[in-house]
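Reading through the structure tokens given below for one structure.
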Amino acid sequence: MQKIPVGVIGATGMVGQNYIRLLDAHPWFEVTCVAASPGSANQPYRDAVAGRWLMASPIPEGVSHLIVGDANRADQARNQCRLIFSAVNMKKDAVAALEMEYANQGLAVVSNNSAHRHTPDVPMVIPEINPHHLEIIPAQRKSRGWDKGLIAVKSNCSVQSYMAPIYALIKAGFPVNRIILTTLQALSGAGYPGPAAIDLVDNIVPYIGGEEEKSEIEPLKILGRVDGNAIVNASGIDISAHCTRVPVTDGHTACVSLEFKEAKPDLDEIGTIWRRFSGLPQELALPSAPKRPIIVKTEPDRPQPRKDRDLDKSMTVTVGRLRKCNVFDVRFIGLHHNTVRGAAGGAILTAELLQAGNYL
Amino acid sequence: MQKIPVGVIGATGMVGQNYIRLLDAHPWFEVTCVAASPGSANQPYRDAVAGRWLMASPIPEGVSHLIVGDANRADQARNQCRLIFSAVNMKKDAVAALEMEYANQGLAVVSNNSAHRHTPDVPMVIPEINPHHLEIIPAQRKSRGWDKGLIAVKSNCSVQSYMAPIYALIKAGFPVNRIILTTLQALSGAGYPGPAAIDLVDNIVPYIGGEEEKSEIEPLKILGRVDGNAIVNASGIDISAHCTRVPVTDGHTACVSLEFKEAKPDLDEIGTIWRRFSGLPQELALPSAPKRPIIVKTEPDRPQPRKDRDLDKSMTVTVGRLRKCNVFDVRFIGLHHNTVRGAAGGAILTAELLQAGNYL
Amino acid sequence: MQKIPVGVIGATGMVGQNYIRLLDAHPWFEVTCVAASPGSANQPYRDAVAGRWLMASPIPEGVSHLIVGDANRADQARNQCRLIFSAVNMKKDAVAALEMEYANQGLAVVSNNSAHRHTPDVPMVIPEINPHHLEIIPAQRKSRGWDKGLIAVKSNCSVQSYMAPIYALIKAGFPVNRIILTTLQALSGAGYPGPAAIDLVDNIVPYIGGEEEKSEIEPLKILGRVDGNAIVNASGIDISAHCTRVPVTDGHTACVSLEFKEAKPDLDEIGTIWRRFSGLPQELALPSAPKRPIIVKTEPDRPQPRKDRDLDKSMTVTVGRLRKCNVFDVRFIGLHHNTVRGAAGGAILTAELLQAGNYL
Amino acid sequence: MQKIPVGVIGATGMVGQNYIRLLDAHPWFEVTCVAASPGSANQPYRDAVAGRWLMASPIPEGVSHLIVGDANRADQARNQCRLIFSAVNMKKDAVAALEMEYANQGLAVVSNNSAHRHTPDVPMVIPEINPHHLEIIPAQRKSRGWDKGLIAVKSNCSVQSYMAPIYALIKAGFPVNRIILTTLQALSGAGYPGPAAIDLVDNIVPYIGGEEEKSEIEPLKILGRVDGNAIVNASGIDISAHCTRVPVTDGHTACVSLEFKEAKPDLDEIGTIWRRFSGLPQELALPSAPKRPIIVKTEPDRPQPRKDRDLDKSMTVTVGRLRKCNVFDVRFIGLHHNTVRGAAGGAILTAELLQAGNYL
């Protein structure tokens, strides 16, 4: 099988580097195109990231020599690849327009950016939860006049620590009414350079601009349904989030209290539901899919970011401390690797879904 | 005025050292007696803590030369002091019995330990909230057969970041129905040595044994009422706590969502209530009382432990990020210095209340 | 006594804020003038630093209301103060010219900046070591055509952890031949924001641009002598420095191995020399002078930044682990608070020297 | 090929766990025997480490079910394995005797412990430096009366960051005269639990008991020569070490200044020598051997522990910042992963050498 040529725009930033790292030796995709801001363009990738390559593994050989393109020139990417992973870091309007332009050029766009998360005909996909939202793509193409172009996006990283466990319960017949949660989020979620070291030594910061709103609103679309030209948000589920920043490199932790609507599973049932939970990526055995989307820890003090973030290729959600809630019904701790599952890895898994669904 | 002679038992541990530090140059109290485990006894205090004095300031001169007594010998303390601050670290039953023995000897005991927190006739005091619980002391003395002895305790440090703000609202006529909160707690709360460094580098631990139960139950007694021989817990207020450990030296942060029972103040009213909140310690101008029990920050990213824990002699609670809650009514962040306000400093303030109330 | 009006240029940055904090309630100086970049000018100081006030204590009331001036307008400062503390953060040439302009206007300039550290007629002063370098000021004024203007600078913060202990030995008759040292430097030394948090979690960075050169060269001028119009560097002492960045907020640590030229004091003599060491600031009892310039710790694991940086108003150098060196003669660990002793506090002490020496 | 059965004593501690992790799927060795203190014995390994398994990967299936033996019973291990990796944590004399007992029983012992490092007929091996020291084994066996038993040990982890780079220079014809260095050592080097978190937040500790002596003396044996029944220490090379503890999980950094004896290579030559350096493990392509024993980084701020410790299976030494020394000849930064290369991984590589040399 010939590999599908893919590109990364915003390839020199931290998320872009994660794409390059994770796509190295990917069985289906091959990075043939990297693009960044004009200031980084027109030089080999290795030179463009010299002194700011942040990954632990070296730059993959195949990408190292690619000449970096100008991310603003969607027309130039057109002949170099079939799908674009967007990790650009620009103003929201500019990103929205740029991603449209790539799709206009006939490319599939899978984006980490928040610009199109609430565009009604753009699916925001967590592959184990709402892969069927990709079914909107024919309508998207039709109304946009695209033949082969498409846009799909991933959600904010903060929601990933609790959405799979909560969805698993809903899917099992236990609708959720209300959720109050606090996240302890990793530094890498802020991009590079992110917070100053002097602000996170002997300290935490109980605030991340815009994060609480995303954590509360995005789940509604993810749990929504496709209705013709638009994805209609779910209703009847209220979420309140406190988002805090802690001195952890990778791995967002969420402390979650939830209330069921009617039927209330007991703790054993919940554990069983989570352990058995599986989705389309597992059914299709997609290359980046974790064996189990949810891993349940029974030690009293787990999950913990450094100890659990890398389980199953950093693509799983680890939960633990499942117990009765004194106010709502149950509470638990959820954890995921925010730059893999919550960013580049999750987007690659979505791209695999697109390929498996013949959207490419 | 002649100073009141006081003792510290468990004087060599971290909480004990905090007592020694905070009582240095106290206008009312003078440390005349220090006691610890038999292994530390019978040597000058400076030798007993050699190599494990954890305070930033040096050992106060007056205490440095005191010969450490055996904490198990309440009879020996009897002639040396009038009041004992208990910071012993033993099994719960042993502490309960030991503190009783000190009271039997005619000493006032103010304790950091949890052993007597739920003894019905022992007041658990946060000085700005329930100083009137000290009114149970005559009944305590009578039923115990004590002439001058008494026992009063402080609550767990974790509750201090939210109890003053919540009580201020209740007092202002806005009863609280339900609270869901997550704490991000400092290392010093675990005593010394506490958690291993290797477990808290690039990591947080979302579990502290026994802490969630204390955070949920103790507030009920604090908000309770004196009824003859017993303090009767408040009812009608439910609290659910997630307690986590973060790599911060001092300062517990709480992310709090709360629901009012009926009347719902708006955010401006709440800010005003907090800013105006004052208690008996302020009215009596007790030496350790902060000028304001609650400081309200309006910057979007405060309070933060390293930046706010030391406001007003480390004796105040700092709140911020007051905003609507998406599920309950309002949410906010609270912070206090856990080894000062939440431990030795809070106990000293309670002792000052005892003195001001003529219980000594 | 009427206080001397002083100004701070670069008043909104971290070093500038430290000046404002340390000069609050100073017995001799009063801040009457604050200036910063044009973008911060023409508004009250409290507004100019809103959201970026980094000190633990609040903005001093007296400064809070001052209207920030444009630091480029030395002429405007002229009538507002007698001395300027320079904490500007611009290109070296621009700083050099700007500080000259302030002196041209008749102001005494005491600078934290490196621009004039190697200008031959500008004294670089560590108050306990080379206060006599201020004697070059009449020559400086004469050759520059200044009546009342002057420039004095402080050295780089990295040298302060070892220069006082080394100078004390030289002064006591034990000339030093060679020094090899490694510094573990605090984040605040890099200004704000300084290094990214994600680079200093579970990590250290064994490199600080330009720092090793400063650590090796500046001591030569500090140990030099005034010769007419110029300060002539000391010779015959070689220093090699490895400078590293560690996740510490404040406090630079130095691990020092040194070789004497001829006479070699034993360890006891060295301890005695350090304990007895005192300088002109102590003799004059200057307001910011520590009681002892060097504190000797005998615990095996001290000094440590968090535990020792704040001794004696954060103005002392703490040394410990004095022991034989396996290669040179002796080795030790030195520590100082880099933003107080090593920056604003050291400059204020120099200003006090200038006042005591009638240079103002 | 049938795998060689090996055992791990002290299997439940952190170093023991690292052995279990690194030996999983080893091509030559299979863990068939685990032993620990009597308190942990007589239960499956998974139960013995329940709640204290510190590795990121799960307990290997094959070991999980092994019944833990009593480490004091060398006789019981005799029939279960051919080689013992010793990671016991007992008093030095007890370890020395215990390891002797295992060798008496006919087992090859490869030890992390310091007990036999200075036993004259016990080789202390860094596989790329002194594999020929294993040639003492026949003499060791003869004088001890062992048929198949043997003891070989690894050196202290602290020396690994600088010994390979220094040996490479010596081997290339540039004898080294003097070395002054400072290490910034990781927490895992102290075993579990090691230092308290509260001592390493906003702090470093410039002291590790006994570490400086080991860092100075062990290299002399490593660089020594086999002379009949004993390994004779090298002479003519002096080392002085400052050893400090920093809040890093894994990865020891060394800041090294060195003086050559006579011939002085220039910086380019040194870089070339390091890049070309290779040893017997590389020649024999041993399973755990890194491709290159030394990796040279040219970025100005590398190596760094979190970014470089895991290069080449965590088995390489990374060097950087090679530059002239202002006092000696050259200086550089060296880094290695202390619990892999510097502990279990290095010992496994030594065991591979033993197998390749037909000592098993």
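Think of it as A, B, C and D in the order they're written, each chain with its own count starting at 1.
The criterion applied here is as follows: a contact is a pair of C-beta atoms (placed from the backbone, for glycine too) under 8 Å apart; a residue touches a chain by one contact, two chains touch by 3 or more.
Source: prediction; values computed, not measured.
Chains that touch both chain A and chain D are the following: B, C.
Averaging C-alpha coordinates per chain and comparing to chain A, the farthest chain turns out to be C. Here the spacing of chain B and chain C, counted between their Cα centres, is 41 Å. Measuring from the averaged C-alpha position of chain A to that of chain B gives a distance of 43 Å.
Distance between chain centres (mean CA atoms), chain A to chain C: 48 Å.
Multi-chain contact residues of chain C (touching two or more other chains): 199, 201-202, 247-249, 306-307.
Here chain A touches chain C in the complex through residues 187-188, 192-202, 247-249, going by the rule given at the top.
Across the interface of their complex, chain A is touched by residues 178-180, 182, 184, 199, 201-207, 209, 216, 238-242, 244, 246-249, 253, 255, 257, 300-307, 320-321, 325-328, 331, 333 of chain B.
Taken together, the chain C residues at the contact with chain B in this complex read 51, 56, 201-202, 249, 299, 306-307, 310.
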